[in-house]
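Each structure below is given as structure tokens.
In the two complexes that follow, chain A is the common piece, with chain B as its partner first and chain C second.
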Partner chain A sequence: MEENDKIRRLIITSFYIVILFGLPLWWKTTEVYRAQLPFTEIEEWSNWEAFDLEFPTHFTIYVANVKPSTIKFANLSSNLENLITSRYNIDNSKEANNGTSQKSIRFPVKIKLADWNNWMNDLQDGNLEMGNLANKNGQYSFYILPRTKSNSDTKVLVGNQRQAIVEINQWDTNVIEKTISDLIISLFMPEQDAIRKSIIEPLSDSKVELDSMRTMKYSSQYQVTFSLMNGDPSNLLVNWDIEEAVNKYLGPFVNQISMISNLTVDSQIQHYARLTFEPNHKPDENYFFLTPELLPHFINAAEWNLASAVSSYPTLNFILYVPSKEQSPLHIQDSKGNIMENNAFLIPRWGGVIINNPDRSKGTHNFSFKELKSVMSIFITQLRGLLGVHDVWIEAKHTLGATFSIEFVIPPNTAVTMWEFDNLVRRRIAENIVTSITTLKSLSQLVTEIPNMVVLDHIQTEVFLALDNLSKSCKHLHNNQYDLALYHSKKAIELAESAFFDPTMVSMLYFPDEHKYAIYMPLFVPISVPLLVALQREVKSLKKK
Partner chain B sequence: MAFHKFFLIQFFAITIIICIIISQISFAQNNESIIDGFFSRGGHTNNWAVLVCTSRFWFNYRHIANTLSMYRTVKRLGIPDSNIILMLADDVACNPRNSFPATVFNNAGRYLDLYGDNVEVDYRGYEVTVENFIRVLTGRVAPDTPRSKRLLSDDRSNILVYMTGHGGNEFLKFQDAEEISSFDLADAFEQMWEKRRYHEVLFMIDTCQANTMYSQIYSPNILATGSSKLGENSYSHHMDTDIGVAVIDRFTYYNLEFLERVDMQSKATLQDLFNSYNPSFIHSTPGVRSDLFRRPLNKVLVTDFFGSVQNVELTGQQYNISNSDIGHEINISDIKMTEYHSKESPRESEKSTSKNFHLFNVNSKQSSSLPQFLIASILFGILIKLVSSII
Partner chain C sequence: MWQLGRLFLFFLVFIFIVLKFTVAENFHHNDNFKESLTIKPLSDGKLLTHFQFNVRISGIKEGKTFNHYKFFPRAIGQIIQSYNARELHLTFTQGRWNYEDWGYPIAPSAGTGVELWAWLWKDEKLDKNWKSLTNALAGLFCASLNFIDDTITVQPQLSFRPEGSYNATEISTHAELRYGSLPHENVCTENLTPWIKLLPCKSTSGIASLLNGHKLYDSNFHSMSIHVQPVCEDSRCLNKQLEIIQTVSAVVDPVRNSGKRDWSLNQIFGRQLSQACPLAEGSKLEVILPEDCDYKLSPDADDVTHMDGGTNIALYNLKNLQLTTDISMTWKEDIFEYNLNFEQPRIYAHRFFTGYGQERGGIKVNIFNKSPNISVPIIYYDVIPWFLKLYLHTLKVQINGKEVQDNPIKDLYYQPAVDRSRPNVIEAELLLPPNSITTLSINFDKVFLKYTEHPPDANRGFDIGSAVISSTGEIVGDFNYLYDVVTRNCSEDTPRAACYHYSIRVYTETLLVSLPTPDFSMPYNVITLTCTVIALFFGSMFNLLTRGFVALQPNEDNKNKEGKDAAK
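On to the complex of A and B.
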């Protein structure tokens, strides 16, 4: 009897031992694999504690050495710095008072003065290099000299590089100070406001802002498609020298912008591209016209084959539309009923359309390289808008008011001046940094919220790399190295996005606890009953003893 | 995933045997409270449509007809094929039982062949799975997925999500093999919102107890409508005696009846659409959930979701491109400036600093389902054997 009891107890304990060892094994093998993500670090970034975002700008002011000298040089640069910083800071403190948390975004200004001794000769010889012409983003030169004609406006001649010549109407220290600070502030304030806004309220949704609606989201690559749409080829055949036009007119722009995003360009010609509606007719002048209300329906999405399956990058469509004979000539009217000279319109985040009414007498028409110049210049205007190039000086002109007359040199063949390009670079850096941070934040939020989501090691690696690139980008910004900052911000956004959109990140199907009980109960309940009963019996018999 | 398939199979087997009824509370909300929006105009720039038919087999002809009817409608109202993800779980047009081969009709009159020459089905047959659907919504598709199978929407996209099939309380069956629950759907929408993959969503579902499907959604800017409330079936509208099966569902039929009167320039609003629902015609109670949606429904045009009305901006100015081949020297009035090229290449200076990130050392063990399954089954086998030998 004793022997039997012993064996029975041994058996029961062995069962319990198996269960005891089995439980952690079961726990371990059924758990969802999750690589450790740096949640606290991401949190710090999204609260903007981890870094200071700085967009330093340096100005070199070449002051013409006018004799007799009436300018007090000594304090000019520090005065200017103070003046500008104080005006930037007014807006900063406003935000702090409004209760929004003070994010550390700074726009430090440094001003260097230089003597411009032989300015007369330099102007005459066209020799403005001075050996140290600013050639980096964030470094600008102003050449100031007295206005030759008295009692006229302050005249600014804006170069395509990072410099401008300012002719000041009154050669006086105070006026110089005021003019230069006004100039700098109205040039950089809109950009800084936009950057500050994007950082303080990222993803401020549902705002119908034309600017944010028009500009494409950042992508490392865009696909640009030029389409020549022919309404009716039965009485007019069209062709175009698009390759040459793209190479000559668009090529420099594509090259310049490739530092930010690559553009791949392709073209197509489509025939029988009909409109879905009949344009309005003006019988007395015998032309057809489209009102702004009709334009949203212009694109015949069902029949025009504009989708490209080449890549998954965002597409920008540019359409040159040739209407059919029955609808020619076709014009676009603005809301006041005037015919638009350009005959073109832009569709935000989609592309641009130009309507062209070529000569139909020959039955064929080839848009020559020369003819395409005006077409391409409109397309480039639209492309600039879609890619977010801002006319910084024209915007500044509005705030500066009438006392300034701004003139421009011939625009560069890159279709973007360095002023505009730098502005775009800075905006894109800010946008990329903000987007990467919000993406990482969303990722960490999703991983915490959805416990069934598997997080593999390569996600972890990408997140770490993204954070690393973010901090590098901020460091380079601080050191006034915008090119490197852009490069790292691009890297950061790429890595963050690829971590977020990783195919392995699909959460498993929703599995509530009830379902889990339903699975385990039929197995464990029958097993546990004899085990528990046996245990109870043993305990009872032990108690009896 | 395999791990959960194992669960799923077990789960189904066990539910049949033991019939555990999981009571769930449904939050079918019909909150019609309208907050006056700050803007009457939609802030979207592009439209997308995800149209899903989840049912296989010939007798579910009507579900495919439902989806194709919607497809035709959104296309007619201007959403291009590239912005439509069409998922059809079966191909009834080529079914041998179809007495009108290569056609799909949604009416016994057979006025309109929905399966005309211009249909682009993106996910077909066994590709229509819960996983693929969620991948499409969340954008987490395999890198080799073609563009036509991706939902490339952004923060300015209005998305119409239309689903039809057989469903029940808080689930919709996919392909007779699996189901999507309202929680999965809500999580998918949340993941889209987190990455701002939509501006606004109209979720429309035609299935039994359809209104339960949108009850769990918690992300903003989603408007949802369904064909029937909890405990109600959704019915088909009528059948075609030659085709031999029902050709369209009631809810979709009456939606289409309204939408057929809408064209691109129409000013009809979603409020008009929802007002047109008549429970006595539909034979079930359609629901609308608008508490997550910010705009008043009588300001939301039908074409904001079913069509593609783009904002336009007239181009007044034009950029004066100088195609002169002066190269690097540009003459500025009488001043000559020489263009300097940035000598610094970001990539070159990258080299030195690229390796200083720190990685946590994590063991790369991964939970594999097969050994786990084997161990578990062996363990349980031994246990059961021992237990039975003892008893």
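On to the complex of A and C.
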């Protein structure tokens, strides 16, 4: 009998052993497929431990060879470097004191001096192109010479490339040092503040700046749509020479900006475009007006065909609105009740609107190429704002004060100057890096939080490639190669977003755990009952002994 | 002196013409828009209303994109340009056009549901473009066009030739045709609203203001379509224009309400006409007058034209419209009496299922040729989904119920289905003898589908789209019945020869097939049953292994007890 008991116990234990090994196997085989994501690496990036962000700038200062040369320039470059770096760092240390900045962003400056021997001739020829052919983003030249007229102002002539001529009123080392450092700081400080802020507080909703609210989120392509909206065609038919206007006025801008984002332009005319509300009426002067409170309701998105049927890229809409006869002339009033002269307004992250009240006597009106010039110049200003182009020199002038007078070789606002373009490139690089890191971070959070989500291999590949592009972008930044850095940051953001918005990343498509248990219930319960009963019986008989 | 005066007068007239021309040129310099509404009393007392809106955009270069839209809808322009479509035809239909009573429709209608066909330029992305095209149109028109996938898409070989003007060889070497239809699609206001938004005047003015969803969808038949195709600008076709034709046809039944066939705009649309669309170059309302004469139109028409076939058309030029007007037509009769001797169309067809049970069945098509002495060549086109397995050897043709010696099938294109990837396609070129009924029949097996392949309303059955009978040719002899088809081709600037070329498509009924439907709780039942069987097996095995068995001897009670102990 002893023998029998032994065998029976052995059998029961072996059943239990099989089940104990079987359970993990069952668990493994019924699991959803999850490719391993580099969580630690993403974590490192989101804590800004993985890299140093550097935005280096190089300046070459061509000093006019003024005779008799009374001034020694030997220390000028190192003095300037120290001065500028210390002033950058004042702000840096301020941030550090707040305890928020553990993140390493640096803005190293390098200054080189060069002689400008035949400056007299160059000035007369207006030949400023010299030595600029190898110039690229982050490398600038200042040509300094003494002011010829005895005027107290310092005059700056901004060139069409990355250079500027500075006429300094007092030909003295200290003054030169101060002027140049003031110039550089007021040109680059706002940008650095913005970059630093975007990195330190990437999702700070509490202190949303006007500037970042207006600028569109980055996309490699934007659809720009010009719409001529006619309130009532029954008494005024409108048309416009938009094709010519777009080609002539907007073409240069589109070409220049295409390195950052491609713009595809189209236009349409919409009739019977009505407002959803009645504008205010001023009876004594017989005009209609919109107050700033009414402007958010201006766009009638339901009836004006503004959406694109094919493009999934963000659309920038520019509307030239011709009000109906019953509502014209229509003006925009500011909060003080004055009529705004350009009759235009900008809608942040959406587009711009211009209201035009053409002559209705003929029954038709064609906005000619010439007439569209003023319209397009307003649209281009709005477009610059929406794409995040900053008037760096004009902003710098505000901080520099009245002692500086600034002139341009080519007028601003028609297109983008190289200074503005570089500024935009640097801001977009920073923004792209920050956005792709936050996207990857959200992705890893999502995957950790939802255990039932399937993570396919291509998601893993995209995440790895995004991280790779991020580090490449930082490396190129470090080496002062902004073009490559922009290219890789664009890649990184595209990969991160395509991984995040991948259609397979939907947890609900798969079985939740409860369903799994429910389905195996009819198997597990009847099997476990005899097993448990046998176990109980054995325990009892052992106790009896 | 007198001559000089005349010269001067000439000069003045010339200046005037030039001025007028340039002013007009300035405004309509590259787009033009026309709208028209045609109303036709049908022989059974119903009323056909047909809205047509044409926008032409000129100066389109082949392969060159245009981005600046005036009247042409931007949404459609973007779609055809991004997906390389050369021609696009999209029709939403509800109800069936009754060919025997109504003749042929003014614009080709389609079978119930949605029909989409497009000629796409050949490139490596063609199939991707077709997929994107269906998706973009689905988004634009709030319709399930995105369900046109590989299992539905067909490349017809004989039917659905290009309708725009082309060099015929050029299009067939550089473009490919894709066709898809969804017979189960319902058409309603959510499809009409985006359609109206494509019009230059929307529904605010012009005849589009009569498009009232409540009345339109309360009709016996309605069809809404968009056709984009190139047209020649001049007779030698050196310059091409791109044309978009938007149509809405509806057949309403005034007899149902009043017992009379009298109608007025207000009665059929619930609205009146106030003004033409100010952007339209031409805006007209035509009433095709019936042959009996005791009717009265009010107000009087601006013009009545006599067509070659003997039909009269009353024309209202809406550009001259000043006040809100209601156009009405009344007959001097107390009650409408059905006309039993109406003229039947020459060709029409009916299709139905044969057989019974859930295993196999057959399809039978009767094609009628009613013309007394003309043989008519036609192309029969039918797409049968893959879940009906056709047997080509069972394809039979009978004429007037008899097998015939010489096969009326002149050419046959047959694509067998591949499960879950492409449908069956039959295209047959037939010559219909005069005054005959030609019957085609073919048998099929029904496939048992996977349980996830059934729609949520599985017991309703599956819709099979219409078969299409197309016929093209020169009009000879009496063509009265083809009048409506002819007028569509004919306009002032088309040559007369093109006018006499007809192209009709006759759609048969859609069919509903019920496939063997499983019990949908089956998978869980199977799981439970299997688990129970395994558990039973396990339980008995376990007991067998862990229990001791001792042979019982009936006399020995003591041993029995021992045996029980051993079992413990």
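The definition used in the following text is that the second predicted complex is superposed on the first by the 477 of 545 C-alpha atoms of A that agree within 3 Å, B and C clash if a C-alpha of one lies under 4 Å from a C-alpha of the other, contacts with A are read in each partner's own complex, and residues count from 1 in each chain.
As a convention for this text, a residue touches a chain if its C-beta (ideal position, glycine included) is under 8 Å from a C-beta of that chain, and two chains touch if they have at least 3 such contacts.
Please read all numbers here as calculations on a predicted model, not as lab measurements.
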Point to revise | Touched partner set for A:Ser234, first chain B, second chain C, both or neither | key: second
Worksheet item: Does the superposition put A:Leu23 against chain B (first), chain C (second), both, or neither?
Response: neither
Counting residues of chain A touched by each of chain B and chain C, the higher count belongs to B
Of the two partner chains, chain B (first) and chain C (second), which one does A:Leu10 touch, if any: first, second, both, or neither? neither
Is A:Leu484 touching the first partner chain B, the second partner chain C, both, or neither of them?
first
| request: Name the contact category of A:Val539: first (chain B only), second (chain C only), both, or neither. | output: neither
Classify the contacts of A:Leu295 with the two partner chains as first (chain B alone), second (chain C alone), both, or neither.
-> first
- Message: Just to be sure I read the superposition right, which of the two partners does A:Val175 touch: chain B = first, chain C = second, or both, or neither?
- Response: neither
Check: chain A residues flagged as touching chain B and also chain C 11, 15, 308-311, 519, 522-523, 527, 530-531, 534
In the complex, chain A touches chain C at residues 1, 4, 8, 11-12, 15, 233-234, 237, 239, 242-243, 246, 264-269, 271-272, 303, 305, 308-311, 364, 366, 519-520, 522-523, 525-527, 529-531, 534, 537, 541
Note: in the complex, chain C contacts chain A through residues 26-27, 29, 67-71, 73-76, 78-79, 82-83, 132, 136, 139-140, 197-198, 200-202, 204-205, 275, 278-279, 524, 527-528, 531-532, 534-536, 538-539, 542-543, 545-546, 548, 566, 568
Residue set of chain A touching chain B in the complex reads 11, 15, 18, 22, 25-26, 29-33, 35-36, 123-129, 133, 135-136, 157, 159-161, 163, 165, 203, 205-208, 210, 213-214, 217, 248-249, 276-277, 292-293, 295-299, 301-302, 306-312, 314, 332, 334, 340, 342, 344-350, 352, 373-374, 376-378, 380-382, 384, 409-413, 415, 439, 442, 445-446, 449-450, 456-457, 460-461, 464-465, 467-468, 472, 481, 483-484, 486-487, 500-512, 514-515, 518-519, 521-523, 527, 530-531, 534
Chain B residues touching chain A in their complex are 1, 3-4, 7-8, 10-11, 14-15, 17-18, 20, 22, 39, 41, 43, 45-46, 75-76, 78-83, 118, 130-131, 134-135, 138-143, 145-148, 150, 152, 154-156, 178, 180-181, 183-184, 187, 190-191, 194-196, 199, 221, 264-265, 294, 308-326, 330-342, 344, 346-347, 349-350, 353, 356-360, 362, 364-367, 371-372, 375-376, 379-380, 382-384, 386-387, 390-391
